[in-house]
Amino acid sequence: MARMKFYCDPERCIECNACVTACKNENEVPWGVNRRRVVTINDGDEGERSLSVACMHCSDAPCATVCPVDCFYTTQDGVVLHDKDICIGCGYCFYACPFGAPQFPEDGAFATRGKMDKCTFCAGGPEADNSSDEHRKYGSNRLAEGKLPLCAEMCSTKALLAGDADTISEIYRKRVINRSASVMARGVSYRDASFRAPRNASGKSSAKE
Amino acid sequence: MARSITLQIDNRNKQHAGWLLLLLLCLFVQPFDTFAKASESRGIPSAVVLNPAAEIWRDVRQREQLTNGTSQVKGVDSGVLINAYGDQWRNFRMQQLIPIGGFLLIGVVIALALFYLFRGKVAIEGGESDKKLLRYTNYEQLIHWFIASIFLFLAISGLIILFGRPVLIPIIGKEVFSIIASACKEGHNLMGPLFLVALILIFIKFVRRNIYQKGDLSWLLRGGGIIGKKHVPSNFFNMGEKTMFWMLVLVGSVVIISGFVLIFPIFGQGREWMELAHVGHAIGAILMISVIIGHIYIGTIGMEGAIEGMKTGYCDLNWAKEHHDLWATKAEQQGEAISNDKVSQLREVSSAQPLGGHVQEE
Amino acid sequence: MSEKFEQGVQALRQQIDARISAYFSSCVHCGLCAEACLFYTETNNPRFTPIHKLEPMKKLWRREYTFWGKLAAAFGLGQSLTEDDFAEWETLVYDSCTLCGRCSMVCPVGNDITYMIRKQREGFSVAGYAPDGMKEATRRALKIGSPMGVTYKTLKAALAHVEKDTGMTIPVDKQGADYMTLFSSMEIVNFPEYIESIARIFDATGVSWTISSKAFEATNSGIQIGNKEAAAEIVNRVVIAAEKLGVKYVISPECGHAYTAIRWEGPNLIGRKYPFEVIHILELLDQLKKEGRLQLEYKDSIPMTLHDPCQIVRRGGVVKQPRDLLNSVAEHFTEMKDHGVMNWCCGGGGGVSANERAEPLRLQVFNRKKRQLDELGINTMVTACANCRITLEEGLEHNEMDAEVISLTELIADHLVKDESKV
Amino acid sequence: MGQFIDGPLWAFSLGVFVLGVIWRVVTILIAGNRSDLATAKGSAGKGAIRAVFSRFIPERTVTSRGRIQLIAGYLFHLGLLALLFFAKPHVDFIAERITGLSWSAMPHWAFIVSAEAAFIGLILLWLHRVLNPVTRLLSDLDDHVGSILVFLVMLTGCLALAQSFEPLRLIHLLLAELLLIYFPFSKLMHAFTFVMSRGYTGATMGRKGINA
């Protein structure tokens, strides 16, 4: 039994947002909903890192725990999905999720948020695989076709990996060995290796100020 | 910061607890200390299979300054990598609010049932007299039943949302329950603001009679007459009623404000605000419901003659003398006591309608 | 009795026209009319709610004109109008309604409740459920010619008295006069000063006028009790007399409901238009003043207020004239808080003053007027209705108030320019 | 069941409503009024038109003594009219099912605010009806059925706000249909006949030269 996971390598992510675009396109998500987003830490400063974030498909998903109508379920592949026919749009999953994955299509005055939408690991929803209903509500079901989520497949630097946890772990392990340690723990990995001291100016040219 | 929010929650409760229902709140406060420790040890959700991302996320999490970044995706909190309080809120909701809140409400009902078995209906000792006093004007009854109906609707719909998953889903299934829950959610959100309107009306009309006075302390010390079985002198409202009024106003304000924070997620308030608001909303609501259950008990089966004032506008003179003698004596001296016949003429009771009222104020 | 009841129901049925159907269809039982009715505001008795006084008529309407009523009737269910309803509602319809029309002004759906009560009285009177005082008054009006039993002989005596006091000749039965004037029997009996005032004003302004010995009575008990045959008969007397004398105008006296009767209901009662015009004495006085024929001198300095007679102002449309006239003779004329078409009734209109058993209630609801006066602090009340005058005076006396009620026409007569050369 | 409510029953209730209202108005008109023979002082037509509009504004007497009813009445009627004709789901429904014409709807928040105003108004009016001695005396079954039916339609509408649960929409629709069927046979007709009542009274008053 596989356990599907995402992994984003901050050493490789170049904040190109291709994963975000791919996801939107593949799943035809409504306006205002972003199942995936790229977060940049220390933008423009030393130690700038980007991470592509979406639902992490937790094993003990907080969203599923707090849902008042119990609309979440975990597939055999370890993908956390939800049933939009049952969702009442209360927003509790959004409060509980550490990653900010649950999204809502409406602005929410008087708490009208609409049905929650989130990353499905390109695995659709409870409806029959690749049925039109499923596509309308949840977008693509690539997993049923034997494909991985498009965001990961599109990633040009292969920063974003998706797939069975064991396989990804293995890839990651190899990368870490090559880099010799965890990037975050050590700070900027290639600063020490660079030929000259960093320039006084900080960050990239498109720095937002 | 994780600690500070816990402390904040903690303090809020201690403030209420200080002058409200001390005993009840201790139930809430105590688990909060354990809650803080528990959340630390839990850390991130334990993974059955090691997630290769776990390491990096743990790194992110340990460095608080790193949790806030920027994102091309625009939206509230979209730059936040980790919402550290989500898990605390989840623990509060699942391990404290639902079980403790549920048992508290059941406990109140059981306690009242036991009290009823023990004490029975408090009768008017002198029996009904042939005179009545005007207790509530038409307008006062109107706003009372207005806030009552809205409160009941909000309480029931809120309780369904809160306890539906453990209580109702096993009985009626997810599909049916989600319909009911959606109805409750939409109704709760739409009717919620009406409670503010009703509370303002109630506050303006009743605040003057609810200011604490001399004698209220002795009422409290004698347990409102439960201790010693003797009626304690009180004015138009007794200490218990005044306390309920202020509880309704203050806890009600907390519930209203937190409710607005929750139903208007358009002012850029982040998740931590909404989580905090939810905590305040839930604790406040459960407190209010508990107290109102007691209020309803006294009004219906607990005490003879207590509901008459709100039902008909008039209360029996003997009842008034027993329970609100300072007010009743003064009113009687001023010649405000009206004969039962006159009351039935003013209320036109000949047309057999169940509810009553009083002539309009000029 | 039962036959009479049937006739009463039939009479009631005949009254239900499009207006009443629309009114009953529109009424949402909001109860706002109660807040406009002095019988409710002064007693707080919900039974005095104006629309509630129409329950018998509504019962009939509901049973015979509505879907549910007809359905229930077809299955022998529901309530039909009973004689008990008449008995129970008699006091509500006659004692606690002065047909003042205030409720009709506030109804949010625009129901003319007063009109309906007036029509409902038709059924009640036919069924025999009317106060004895009013029945008697109507009988006397038909038989003797005046509800108070005033005959031409009494009038003649009063006229002789006036002639003696003023030295004028009062024209009686003068063919071809412009104006034929009517009196209320209350004026003849209680306020002969009114006759004198009229005579002096007309003399001073040179109006060609006369009094008919056949029809001098303006009051119409038929209108009050709700008996259209009687009302038509009383109107008809005036019309015939006026036609016979060939006058151009008939002057309605100060009396309130007399104006409604002769001016607004009269043509409909007799079923034809008049060949003459009906004009209220105040309208005529105002017209004379505007034409410059009525010359008035000096203004009274005592503060005065005006009591609007409902039937002349609210139900009659003579709103502006009394104010203009009063302003021309009073320096300090202050309006009551509720005045004009929203005035409060004296409590004795619509036949209530002729109804002895209603007296305690009438005196109770006088509190409204008392409060209005107390608010103003004015002790001189000018009015233009003999019936109001009597009711007000009784109310003032009952409350031991030191206030005076004067007739506007008499006040005007007192201010006539005393120059004999001016004609 | 759902198909029945959304199909034949809808058509039937709309038919009953339209025909019923016409029938009621016609029966009132058939009863007829006698023409007024008294010489008029003013215009009946003008008086009628004036009364139809002027009665939207309350008289001062009532503004102090009937304040609650007036405030509640305005809140309820204005709120109900706004949400009936300018709420997005209703505009869409009317355009799709009845007129084919569409007009711009209120923003969602305005829809909710008007619904809230209508709820405040209706709850207060009904409570006033049962608490105040005058209205309690006057009220009959029709008043209560009408109020409660309107309340239920509004309540189910508010419960169905999420617009994503078909059963909730059907309950709302079913109650609205019952209301439409009940409408012509009840006091709710005042929504149409008030024009006639005000008109008749205004015409009479107008002839007498009084502003009513």
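As written, the chain order gives the labels A, B, C and D, with residue 1 at the start of each chain.
Just so it is clear, a contact is a pair of C-beta atoms (placed from the backbone, for glycine too) under 8 Å apart; a residue touches a chain by one contact, two chains touch by 3 or more.
Since this is a predicted model, take the numbers as computed values, not measurements.
Peer 1: Could you name all chains that are in contact with chain C and with chain D at the same time?
Peer 2: Of all the chains present, those in contact with both chain C and chain D are B.
Peer 1: Find the most central chain, measuring centrality by the gap between its CA centroid and the centroid of all protein CA atoms shown.
Peer 2: The chain sitting closest to the overall C-alpha centre is D.
Peer 1: Compare the CA centroid of chain D with every other chain's and tell me the farthest one.
Peer 2: It is A whose centre lies farthest from that of chain D.
Peer 1: Comparing the two chain pairs, does B-D have more C-beta contacts than A-B, or is it the other way round?
Peer 2: If we tally the C-beta pairs in contact for A-B and B-D, the bigger total goes to A-B.
Peer 1: Could you tell me the distance, in whole angstrom, between the mean C-alpha positions of chain A and chain B?
Peer 2: Here the centre of chain B sits 41 Å away from the centre of chain A.
Peer 1: Averaging only over C-alpha atoms, locate the centres of chain B and chain D and give their separation in whole Å.
Peer 2: Inter-chain centre distance comes to 36 Å.
Peer 1: Report the inter-centroid distance (CA atoms only) between chain B and chain C in whole Å.
Peer 2: That pair's centroid distance is 60 Å.
Peer 1: Could you work out how far the Cα centre of chain A sits from that of chain D, in whole Å?
Peer 2: 52
Peer 1: Out of chain A, which residues touch more than one other chain, so two or more?
Peer 2: Touching at least two other chains: 88-89, 109-110, 112.
Peer 1: If a residue has to touch 2 or more other chains to count, which residues of chain D qualify?
Peer 2: Residues 65-66, 112, 132-134, 136-137, 139, 161-162, 164 of chain D each touch two or more of the other chains.
Peer 1: Two-or-more-chain contact residues of chain C, please, as numbers and ranges.
Peer 2: Each of 35, 41, 46-47 in chain C touches at least two other chains.
Peer 1: Chain touch graph shape: choose line, ring, star, complete or other and state it.
Peer 2: other
Peer 1: Determine which chains touch and list them pairwise.
Peer 2: Pairs satisfying the touch definition: A-B, A-D, B-C, B-D, C-D.
Peer 1: Note which residues of chain D are touching chain A in the complex, please.
Peer 2: Residues 108-109, 112, 161-162, 164.
Peer 1: In the complex formed with chain D, which residues of chain C make contact?
Peer 2: Within the complex, chain C touches chain D at residues 16-23, 25-32, 34-36, 40-41, 46-47, 49, 51-52, 65-68, 102, 104-112, 115, 263-268, 271-274, 277-278, 314-317, 319, 338, 341-342.
Peer 1: Over in the complex, which chain B residues touch chain D? Could you list them?
Peer 2: Residues in contact with chain D: 138-139, 141-142, 145-146, 149-150, 178-179, 182-187, 189-191, 193-194, 197, 313, 346-348, 351, 353, 355-360, 362.
Peer 1: Where on chain A does chain B make contact in their complex?
Peer 2: 3, 5-8, 10, 15, 17, 20, 32, 34, 37-43, 51, 53, 56, 58-62, 65-71, 78, 83, 85-92, 94-100, 107-113, 165-166, 168-169, 172-173, 182-185, 208
Peer 1: In the complex of these two chains, what residues of chain D are touching chain B?
Peer 2: On the chain D side, the touching residues are 64-66, 68, 112, 115-116, 119-120, 123-124, 127-128, 130-134, 136-137, 139, 155, 158-162, 164-165, 167-168.
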